[in-house]
Structures are given as C-alpha cells and as structure tokens.
Amino acid sequence: MCIAMPAEVLEIKDENIGVVDFGDLRQEVRLDLVDVEVGEFVLVHVGFAIQKLSREEGLETREIFRQVHAAMMEE
Amino acid sequence: MPVSKDILDTLDSLVDSDLCIMHICGTHEAAIARAGIRSILPERLKIVMGPGCPVCITPQGEIDAAIDLVEKDCVIATYGDLLRVPGSNGSLESSGGDVRVVQGVHKAVEIARREPEKEVVFISVGFETTAPTVAATILTNPPENFSILSCHRLVPPAMEWLLSQGEAKLHGFMLPGHVCTVMGYHEYEQFPVPQVVAGFEPEDILLGLVMLVKQIREGKARIDNAYPRAVCREGNRKAQALMYDVFEPCDVEWRGFPVIPGSGLRLKPEFEQYDAQKKFDIEIRHVDKHSACICDRVLRGIAQPSDCKLFGKACTPRTPVGPCMVSHEGACKIWHLYESRRV
Amino acid sequence: MKVNLMHGAGGEVMGELLRTITNLKNNNAGGIGLESLDDGAVIPINGQNIVFTTDSHVVSPIFFPGGDIGRIAVCGTINDLAMMGGRPIALSCGMIIPEGFEIADLERIVASMDAALGECGASLVTGDTKVLERSALDTIIVNTAGIGIVERPVRDNGLAIGDRIIVSGTLGDHGVAIMAHREGFEFGDQIRSDVSPLWSLVESAMAAGEIHAMKDPTRGGFANAINEMARKSGHGVVIEEESLPLRKSVRSAAGMLGIDPLEVANEGKVILGVKPEDAEAVLEAIRSHPYGRDAAIVGTVVEGSNVVMKTAIGGERFIEPPIGDPVPRVC
Amino acid sequence: MKVNLMHGAGGEVMGELLRTITNLKNNNAGGIGLESLDDGAVIPINGQNIVFTTDSHVVSPIFFPGGDIGRIAVCGTINDLAMMGGRPIALSCGMIIPEGFEIADLERIVASMDAALGECGASLVTGDTKVLERSALDTIIVNTAGIGIVERPVRDNGLAIGDRIIVSGTLGDHGVAIMAHREGFEFGDQIRSDVSPLWSLVESAMAAGEIHAMKDPTRGGFANAINEMARKSGHGVVIEEESLPLRKSVRSAAGMLGIDPLEVANEGKVILGVKPEDAEAVLEAIRSHPYGRDAAIVGTVVEGSNVVMKTAIGGERFIEPPIGDPVPRVC
Amino acid sequence: MPVSKDILDTLDSLVDSDLCIMHICGTHEAAIARAGIRSILPERLKIVMGPGCPVCITPQGEIDAAIDLVEKDCVIATYGDLLRVPGSNGSLESSGGDVRVVQGVHKAVEIARREPEKEVVFISVGFETTAPTVAATILTNPPENFSILSCHRLVPPAMEWLLSQGEAKLHGFMLPGHVCTVMGYHEYEQFPVPQVVAGFEPEDILLGLVMLVKQIREGKARIDNAYPRAVCREGNRKAQALMYDVFEPCDVEWRGFPVIPGSGLRLKPEFEQYDAQKKFDIEIRHVDKHSACICDRVLRGIAQPSDCKLFGKACTPRTPVGPCMVSHEGACKIWHLYESRRV
Amino acid sequence: MCIAMPAEVLEIKDENIGVVDFGDLRQEVRLDLVDVEVGEFVLVHVGFAIQKLSREEGLETREIFRQVHAAMMEE
C-alpha cells in the first residue's frame, strides 16, 4: 500500500486541502497528516500528504552515496 | 545513470560472498522489476520478497466478508488493487455488485455524502502508510451511511514473527520506505539484524543495497537510512497520533501466516458506528488455502515461486490459485512475468 | 467455458478467443484476410487493392478531455486503414444506442465524427441504427468499418533485423486520460486523449522512406503492439527506456494511478519499423506533421523473440503484453 | 429529448432519429451516400463501383428455428449488397460479447456464419471483438459490414408507374418464428425463419429482366419496405391481398399472436419493382431458385402517394408502416 | 368473395336511410379495418365503435396499480396489449420492471411454479370471454407466490348504462361474438333495441349487418344470430359456472364512464389469497383524465376521434394522450391509421 | 379481449390439455372450459378452448345468408 509521489504545495485551502503539483499535473490532496506551507514538498499517498520532504535531504541522498563510495575507495 | 553506474561498481566490489536480502514492500518489488535491477546486481547478491504486498497478505476470509457486504446491497468502495483478488468464491470484480474504485478513503466518504440512501463500505486495507489517512477521515465525522471494513496490518509484529521462525537464510532486510516515512524506524531497532531504509527510485534501491551490504560486511546489525529526504527516525508523529486515536492493535491472521499478536488494527470502541463488521454483523471466517499453494512459504522467504508445483501450470496470472499470483506485486506474478522467460 | 473480461483485453487470453472467432474457411478474398489478424484486410479487385477494416467502440466516459466516442470511432478505423498503408475513402457506421440516451449527446457525437472525417477527406456513406432496452445495454456502442485504397500494403509482421522502431509521439495519453477521468481523479484538461486521424502523417512517412511494418498501439498500448509486431515478424526488439516519449503530466498521473503508461491505449499514435538507412528521414517527415511533433526512434529489431527494454539504470527487463485491462492501484 | 425504443423500430419515428445521425457534411464518396438511406452505398473507385453496407444484429433468442444470429449477421449484409445489385465480396465482423457468454455458443455462431458465406462465395476478412461487463450488456451483438461490386446499381427509389411488384416468397416467416419462440408459444420447428443469402437469386432475377428497384423487407416487414419504396419513388402502389404469399402456418400463428405478418421482419426475401413487360420472366427466374419458389407478383405501381391494399372482400385499406415493434396480443 | 359480393348487393338494396350501428368489440373493429369494410358499405350506413376494447376501458388507476406492483419487485405477467398503455406516469413497458408477456393466465402460473422465489402477479383484464380462463386456472390451485390483479369487466351492465344515457343516435348494436360464445345472448334480450350477434370473418360481419339492417327496417327489436357456428342463446354453461364459482360482480369504474354497478368481477372471499390487491396492499386510485381528451365520448359513441382537439396534434400513436390512441383497437388509433389519410 | 381462433382437436392428454391444429400449426391448449372429443372443432382464446364449434352450423351461416337474401328478393 505504498505508492507515494512527491509533489510541491501550490496552494492551501481551508479544511486541510492543498493544491499540489506532481510535475505538470495539479491535484487537490488532503493535508490532515502534515503541517506544511506553500512552496514545500510533500509525499502523497492515497490522496493524502503523508510527510514533508526536505529538498536538502533529497540532495543529501546523493551526498550519502558519495560518502559511502568515498569510504569504499579508501578501504 | 552515471550515479547508478558508480553505485553498481561499488556494489560489485562489495559483494564477495552469497548474500540474500529480503525486502518487505510490494512497491519495492515493483520498482526492482520495472527497472530490471536484478539483471544488473552482482551474481552472488539476491533480493527476495517478504510479506509486503497488502493484497497478498489479506486472507481469503476478508475478501469473502467484503463480498458478503455486496450481498447486503452495500456500495463497496476500495482500491483498484483489491478488485481481482480471489476469495473463496470469486472476486469483488466478478461479484456483480456496486463496487467503486476510489483513490482514497476520503473519496468513499464523498460517495456516502452524495448518495445518502445507500450504505457505503470502504474496504480498508494497507499498512501504517495508509491507516493514518483512514484515521484522519474517521475524525472528520463521516455520515451515518459510511463505514469501513478494517483489514489493516502492522509491519513490525510480522517481522518479529518472521525472525522468530529462523527458517530463512536472510542476511539483511530492506525496510519499507513509505511505512517508515510515517512510523520512522525506531520500532525496528529491536531486531538484531542488518537493516536499511530505502526509497523507490532505482538509485534509492541501489544505494540501500550498498549501505546494507556494507553493514553486513562490517558484521553490524543497525538501521541505516538511505531515504533521508522522506524518512527520519521518529517518522510523522502527527500521523501516528491520529492513527492511535482511532485504531488499536489487535491479533489477526495474515495470509500464509498464523494469527500474529498485535499485528492488526481495529476501530476503538468510540468509533464503533463506523465498523462495518459490527454494523452489518459480518464475520471474518478462516479459510484454508489450496493444499498445494506455497504462498505462505514464498511470503516467509523460504521458497521461490518456481518451487511451487502449481506455478505456471494450474496457477497462472490468468487463473491465479494463490494471492501471490494476483497482485501486481505478488511474487509469483512478477516471477511469472519477468523471470520465467529468462531462465 | 465462458467468455470473461480478460478475453476482451488483448494479449494471450484474447488470442484464445480469437482462435474461436476466426475459425472460418471463408476468411480471405484473395489478398490479406482474417487469418493474418492485421489492422485490416486487403482485397484485390480488378487490379486495385481495397483495404477493409472494422472496430466497435465502447468508451466510458463517452465525452472525455481531448475527444469523444465519435472521434474515436472514426479515427480508429481511419488509423487501421492507414496502418495498412491505405488511403481512407469511405466509412460505415453501426450505432447501438440504449433507450434513454440523450439526443443532444448523439448530435455532439455525430458532429465530432464529421469533423474527424473532414480532417482526412473520408466520408461516412452507409449506416445502421439499433435501439436496445435500457436493461439490455447501458452504454452507446459505435461500430465503424472502413475501406481505403493502397498500392503496396504495409503489414504488421514485416520487421527486419536492424530496422529502427519509431513511435509517432508521446505514449499513454489516451488511456491515462480516460482512466483518470473515469476514476474521479479530476485532472480536468491537464491530460488529454491523443485521439487523431493519422492518414496524412502516415502518407508523408511512407513518402520519406521504406516502412517495413506499422501498427497502432491501441488496446493494450505500446507493450501489446510491439510484442505483436515482434512475434508476427519472428524477431526480437530492444527498446531504450530513455528514448520513449512520455508527457511529464502523463508520467505523473500514471505514477499516481499505479499503472504503466506503456500498457494503456493510444488513439493517435503509430509504431513503425523502418529500414535503418531511412529512419532519420522518416522521423523527420513525421515530426513535421502536427500529430508527430514528439516522434522518436525508440528501438531496434534484433535476432530473438522477446521485446526487451534497456532501462535507464542500465538494467534489462521484458516488455510483456498486459493481461487484462489495467486497474488503478495504490500499492 | 431522449432516445426511446420506438426510435429503433423503423417508420416515421426512426426517421427523426436518422435525421440526427445522418447529419454529416462528409456523407458521400462520389456515388450513392448516406443521404440516400438505401440498403447500401456505392463508391466509384477508378471506374469500379464498390457497394458498401453495414448492419448490427441483436436477436433474441440467438438460436431459433431456421437460423441463428450468425446466419442473420452474414445474410443481412449479403442481402443489403444484393439489394443494390452488388455481388458480395468481403465482410467485416464486429462482435460485442457479454461477459459470461458460452464459448461453445460462439463456436456455433461462427460455424453458421461460415456456412452462409460459403453459400454465396463471400469471405469474412477482418474483424474486431469487444467483451463487455455483464452489467453493461446482456446479449451478444454482431455487426457486419460488407463490400461488393456492381456494374449498374439498383436503388430502392426507382419504381416507375406500371412496374409490377414482385416478392420473392412467403412473408413474415422470420418475424413470426422469432416472436412465437420468444413469447413461449412452443411451436418448435413448425415455423422457421427464412434467413438466407439472396445474392444468386437476385443475380438471376437481374439477368432475366429490367429491375427498377429492390429492397429487402427486414425490420418493419413488407409494410415498411413497400411504403419506403413508394415514398422514395414518389408513386403509389396497389397490392392485391389475395396474391400475397403467406405460409398457412404463419397465417395461423399470426392470428394467434394478434399480429400482422406484413409488419414483421423477413431475412430472406426481396421486393422488386420490375418493368411490366419483364415481370413474368423475372418471376420465372426467381421461382426457379430454391429460395424463390413461392415468389409472386403482388401489385402494381400507380400514380399517387399511398400504398393501398385491395382486400379479398373487395375493400380497400392503406398499408401503413408500423409504429414500433409489434407486440403479441389477445384482443 | 362471390358470397360477400352477394351480401353487399343485398345490403346496398336494404339501406335507404341514414343508419348508425354500434359494435362493442375491439376485435370487430380490427376486422372491419383490416378488410377495409367501411370502404365498401353503402354510403348511408355507418359503423361506430363503443366501449369494446378492454385496453381502452381500463382506467389509468389500474395501470398505476400494476406499476406499484413492479415497484414491489413482483414479476408482472400480462397480455402484450397492456404493455404500452399509459398510466399516470409511464407504462409497464417503460417501468423497467420484470414484465413478461404471456399467452394466457396458465403461462403466468407456470412462471410462478418455475420461479418460486419470486412473486408473480397476473394483470387480469378482459371481458366474459377471458374471465372463465382465469377462473379455471384459479381452481387448479396455483402456488402461493401467484396472484392476480382483477381488472375484468362485464358487457351487459355497460350496455345498460349506455342505453340509459340516450345520448347517441344509434339504430342498432352488433354484439361481441366471442363474449356471446361464452355467455350466450339471453342477457341482452332485456334491451329494447335491434341487435345481432356477429362473427369476425369479413363475411360474418357483412352478414350481421344485413340481418341487423333488415331487423331495423322491420321495426323490430330482437336478437338475431349471425354466428351460429360458435354462439347459441345459452352460451357455454360450464365456462359460466366456473366464472361464477371464482368471481363475483362488483361496482367498478370504466375509463370514460362513471362507476357502473355490477360491471366488474372480483375474487370471491374464499380465493382472497390470490388477490394481489389484498396481498400487496395496493389501492386502485381514481385518476382524472387529460382535460381535452374526449375518449369518454368516443367510447360512448357520441363523438368521433376527429372531433377531439388533440387528435393528430398533441395526441398521435407515438404520443398517445388517451387510451383510444394506444390500443391497436382503440378508435383513435385506428382512425389515425386508416381514416385520416382518406378524408 | 376477443381474438379467438378455430382449431381441430387432434389429441387429448390428461389434465385437460389438448393438442389442436390451427391450420398447419399445432399447439397445446387447455380444455378446462369445454367437453370435447378428438376430431371436434373448438374456438381457442388465450390458450383455452372456450367453446365447441359445430361444422354444420358453420355451413349453416351461409344457409342463413341465402335465406336472408332469398327473402329480400321476394320483397
């Protein structure tokens, strides 16, 4: 039950509804489970944002890899 | 592609013994198959699928209960995944009832509001990723003609049960990234095995494998996080709180497993009016599996689909015998599609 | 044994049903007949090749972003004629209408058919109408058959080793638009069906180079059509994942729906197997057509018998013909 | 406004629906087009006249005394081609099958189609199959389209004053057989449908004399077809009641069912308007064909605009196109 | 043909003043129209149609009651004639219910036996010709899930009412041959008007007319029998006895007429279990007719369809306003088909 | 409610069912309302024989006409 897609919050309506962009595709999603602001990224599952995404940590994934890789090379 | 090439090179240089990794997420299986990841892994590194597809682990009795509700003239709202899962006697798709595919539970509530003369039952399956969305919806006070059949499952109790069996030769676990997005991974720290949290892009999975193999080589048993842009140790506390406001753990059967203590979720007494089982007096019966189907062992990681006598013969994607042949992410179906021609 | 929905969804299962339905002795009028299961048949009449094809159309909803059942009914048949290399001349139309259907909707459908016919210079010359009780039928069905003329017919089984595979544009637009609309995803006009008549596109492609095979990836999508072309030609095909044209919005929607955009229908696309030397020229010709701007070379015909995708990450997997219509899913 | 069952039952009401459905600019490919609402269209292609027609078939029950839906689907289209004077060459077939349909029944239907095709040397060369959910469709629908060739097309609007009206055999057999079977009258094989392919009969009739108009009296029966021929030709027709060929058993059954055998469908009959001097020769030719043994001259084309029947008792009444499908009745 | 030519010559020589004859049988009307009899009658002899079509005289409320039964999920079995008769709100055909056309009441009982899980209601219309078949069937002990909605009518009370109105200028009556087959004609001897019993072949009708015109010319008022091969004065006593074993007369409304005492038939108390009205608690409501429809006057013989403002305009066979435009034997429909073009 | 057709009784089965011939067309009808024998003629309405027909009286119809006609001529 775990398909989830990242999306950017474009607009927040009352009743915890947000308009988000999945990449050339906008849709309304429920924001009941997260506290977000316009411009932030969320992960959307079954029509609900289930967590905020940090762009920095996204970039950090690559960074982690680079560390792992570098560590390997050192071995 | 350049990044993944680097990761692959690293992985190649790391794997120098036979290693078997279990993931427990259907979406991981789908991503692995779609990107052809198994075709590029070092030969000695195997990934197998555990009980991670909610369709696969939903026992026949729960499908039968949903079909009982069809016969009570309820409108059934559910995810498309569940449509073709065989119960004892056909599927929701073939039941002839008013079965509607919805994107999420909130859409089922919209149906109930729009059609107040009908009883709308949402068949609520899914792990911790999904349960909070249902909880949040129940807390918005849905109309009287709305209820849910709660078929949720929790991952850690199943993993605990798996590890206590000690049957499978597994060197490490890839934890379900989106379950951990909601729950964090602190609950898994109790398990004395190498673990990694991984995302779902091909690179995420490869990175997770590198980190896990490295940990195994180090002889450690901790949890590494290869999916930090979505997962932190504590998870989404708001979502967790909502989930436990509405649901409480219960003992429940998994397909292929016995009853696992505390591995299910039921509505708390104060939300009883939304419990379709009580409202319509529906019983979830235990159904014995087809004698030769080894789904249970496939799901426990101790057998491969091709070990099953029925695989590709009596049991095919067209004529599925076990649930692993039904779900898009079922090990047997994926094996049938992507592997049988390769061997 | 009884027919089930899988029997209508293309692929291997449908093949079994087709073996029953096409079990006729009188199946060929001297050219390409029913036995070939191509996009259409060819009948030589006094030195003239007549192309002939039919399709029945059921679409839910009947009006959707980018088109309607009328446009599909005309384009589907125009395109099957074009896939044989045929210039469309005349169409027939069999309408089967459930009691209670709005006449205003019928007017919209007919106007839409007329517009599509006008685009490619064909005419609807003969028809039939049946009205069924509400209890017997709950949706309109539009059958069209069409005839065209062709000098040298193009088959769907003509792939030769080394041929380049071209697709005339983005994949999955129609199937994703329909499914999203049907399942209440409320994308509005953000995803539109690609339904279009392709004759003039195909005509200029044929003028630009030697085309060995053509097929339109309708039911079962690209995955189904490319497998059929490979199987019938007795060769393998290798597809480069990164070269497949996919609209970003379609990719996003397919992700949300949990479906593979290669497995859903297109209604305005053609897959071509082109002589390698001519591939660039044919691509150029297609790209200069309004319906072909996103065309791309996506693969190559090889020895073997499978359709294999080289994934972006450097892996390999089979592209399999889908079993059954895809269902949206969340896991 | 909504479509109702009357819109599908022929006659004036159906005419209104047809005006909507045939409201296209692209309706003619240079010969006889949709606007003529004849049995088929004619398309001149490089000096060759192609005849083109289509019909969708829904029959309940699908197997009945004398035939089945497969035989009707083939004969209906063969006959519409023949009504234009066309030699049938090739058919298409669109099958729309409800989930749950027995494959064995499908086999029987296909075998029956094959047999009918064999009778007249035509082939089924292209097809399409759709499977619909049980909840969307409860009966099989078979669409066929057909192409043929013709030198001089015969219209349904060509009656000239003085022409003799010939019918090729007994009237009402199919409609009465179907209705009796459907309503549980249990006549068994006593009344059988006349469903037959008429090309060779028509071919020999055309060779025997000058035929000004032809039409097959299917939906709406003789009453509907003769009215349409008269209206389109701008003339009146006088029919002699006593000359109308009616099987005694059909007359008895129609009496019991309270219906007029002239208002129900025939599936193996043709109405011809023949130059008076040639009438006997044409009658002779038809009578020598196995499907034409009961042929008769039944009337004459006159000035005016009505179809009038001279009754056996010396009275006169109009033969009107029926409104709606006949229903069995007891009063 | 030679015989009818002779009869016609005779009739021609007999009619030397304006005469108007009423028949009261729909089947007479159909036979007259089909054979084109009006086109060959002497110009001064007119035949008009009285309340003889059971469909025409069935009030809207009875159709509405049948549709109420559809809504109670009953299987409705009836004669094809009734399918398209408009009630207040659509017809049985357009009701979307499980409505089956049967040849006779015994076929409805067969349905009830074959489908014991359903309630089967036979809508029982018709005159004395038909009622005995229903009575005989009720006496064969049909299953519990079978019942009838009795909408039968008796002819003599209606004729009595008609004559008591004295509105129409009628010189004689042609009695319904098949009603008389069952009932004989002794009941009609009470009426002081010229009458003839006639059959349904064109010659039967012509012969009836000759006998009636002759009687009128003689200034007599008796009943002549032009249909002796089927009708005798006493009728079929066995059929009559069965009918009165099961039914008893009741007061009932006719479409276009007020309530006519003793003109209907209801099940006797001992057969109450077969009475659908009681079984399903159905009420037959009085429904006022469309204001401009003059069906009532057409049925009483004091107006012709063409006198109606709606005829051929708002009211056509496609869009019937009154019942006379619905039934195959309705005066307005027949007029529309066979007469409107002639004038 | 008065369409009725003459038919000849060909066979009588138990339970008051008769096989009759309507003219090249046989069907089972109910005989509850009449007492008939094989070879006799009946009038059938809604699947029931409602009366016996006498062939002699059928012939007699023509006779009646002839009498009427003759009487007329005498006038």
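Order of writing sets the chain letters: A, B, C, D, E and F. Residues in each chain are counted from 1.
By definition in this document, contacts are C-beta pairs under 8 Å (C-beta built on N, C-alpha and C of every residue); 3 or more make two chains touch, one makes a residue touch a chain.
Just so it is clear, the structure is predicted and the values come from calculations on it, not from any experiment.
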**Message:** For chain A and chain C, which third chains touch each of them?
**Reply:** B
**Prompt:** Listed by label, which chains are in contact with chain A and with chain F?
**Reply:** none
**Prompt:** Considering D-E alongside A-B, which chain pair is linked by more C-beta pairs in contact?
**Reply:** A-B
**Message:** Using C-alpha centres only, name the chain that sits farthest from chain B.
**Reply:** F
**Far-end chain from chain E, centres as C-alpha averages** = A
**Request:** Could you tell me the distance, in whole angstrom, between the mean C-alpha positions of chain B and chain C?
**Result:** 35
**Computed distance of Cα centres, chain F from chain E, in Å** = 21
**Fill in**
Touching at least 2 other chains, the residues of chain F are 1-3, 45-46
**For chain B, residues contacting two or more additional chains** = 26-27, 54, 79, 81, 103-104, 107, 126, 130, 203
**Asked** Considering chain D alone, which of its residues make contact with at least two other chains?
**Response** 4-5, 135, 185, 256, 258, 329-331
**Complete:** Residue set of chain E touching chain D in the complex reads 1, 4-5, 8, 26-27, 33-40, 53-55, 79-81, 83-84, 93-94, 101-104, 107, 126, 130, 202-203, 206, 317-318, 327-329, 337-338, 341-342
**Asked** Which of the residues in chain D come into contact with chain C in the complex?
**Response** 1-5, 7-9, 14, 17-18, 20-29, 31-34, 40-41, 43, 45-46, 48, 50, 52-56, 58, 89-90, 92-104, 106-107, 110-111, 113-114, 117-118, 122-133, 135-139, 141, 143, 145, 147, 149
**Asked** Contact residues on chain B for chain A in the complex?
**Response** 3, 6-7, 10, 13-14, 25-27, 54, 79, 81, 103-107, 125-127, 129-130, 132-133, 136-137, 140, 176-179, 181-182, 199, 203-204, 207, 210-211, 214, 226-231, 235-236, 238-239, 242
**Asked** Considering the complex alone, what residue numbers of chain D touch chain E?
**Response** 4-6, 12-13, 183-185, 256, 258, 260, 306, 309, 311-318, 320, 323-324, 327-331
**Asked** Considering the complex alone, what residue numbers of chain F touch chain E?
**Response** 1-4, 30, 32-35, 43, 45-48, 50-51, 53-55, 57-58, 60-62, 64-65, 68-69, 71-72
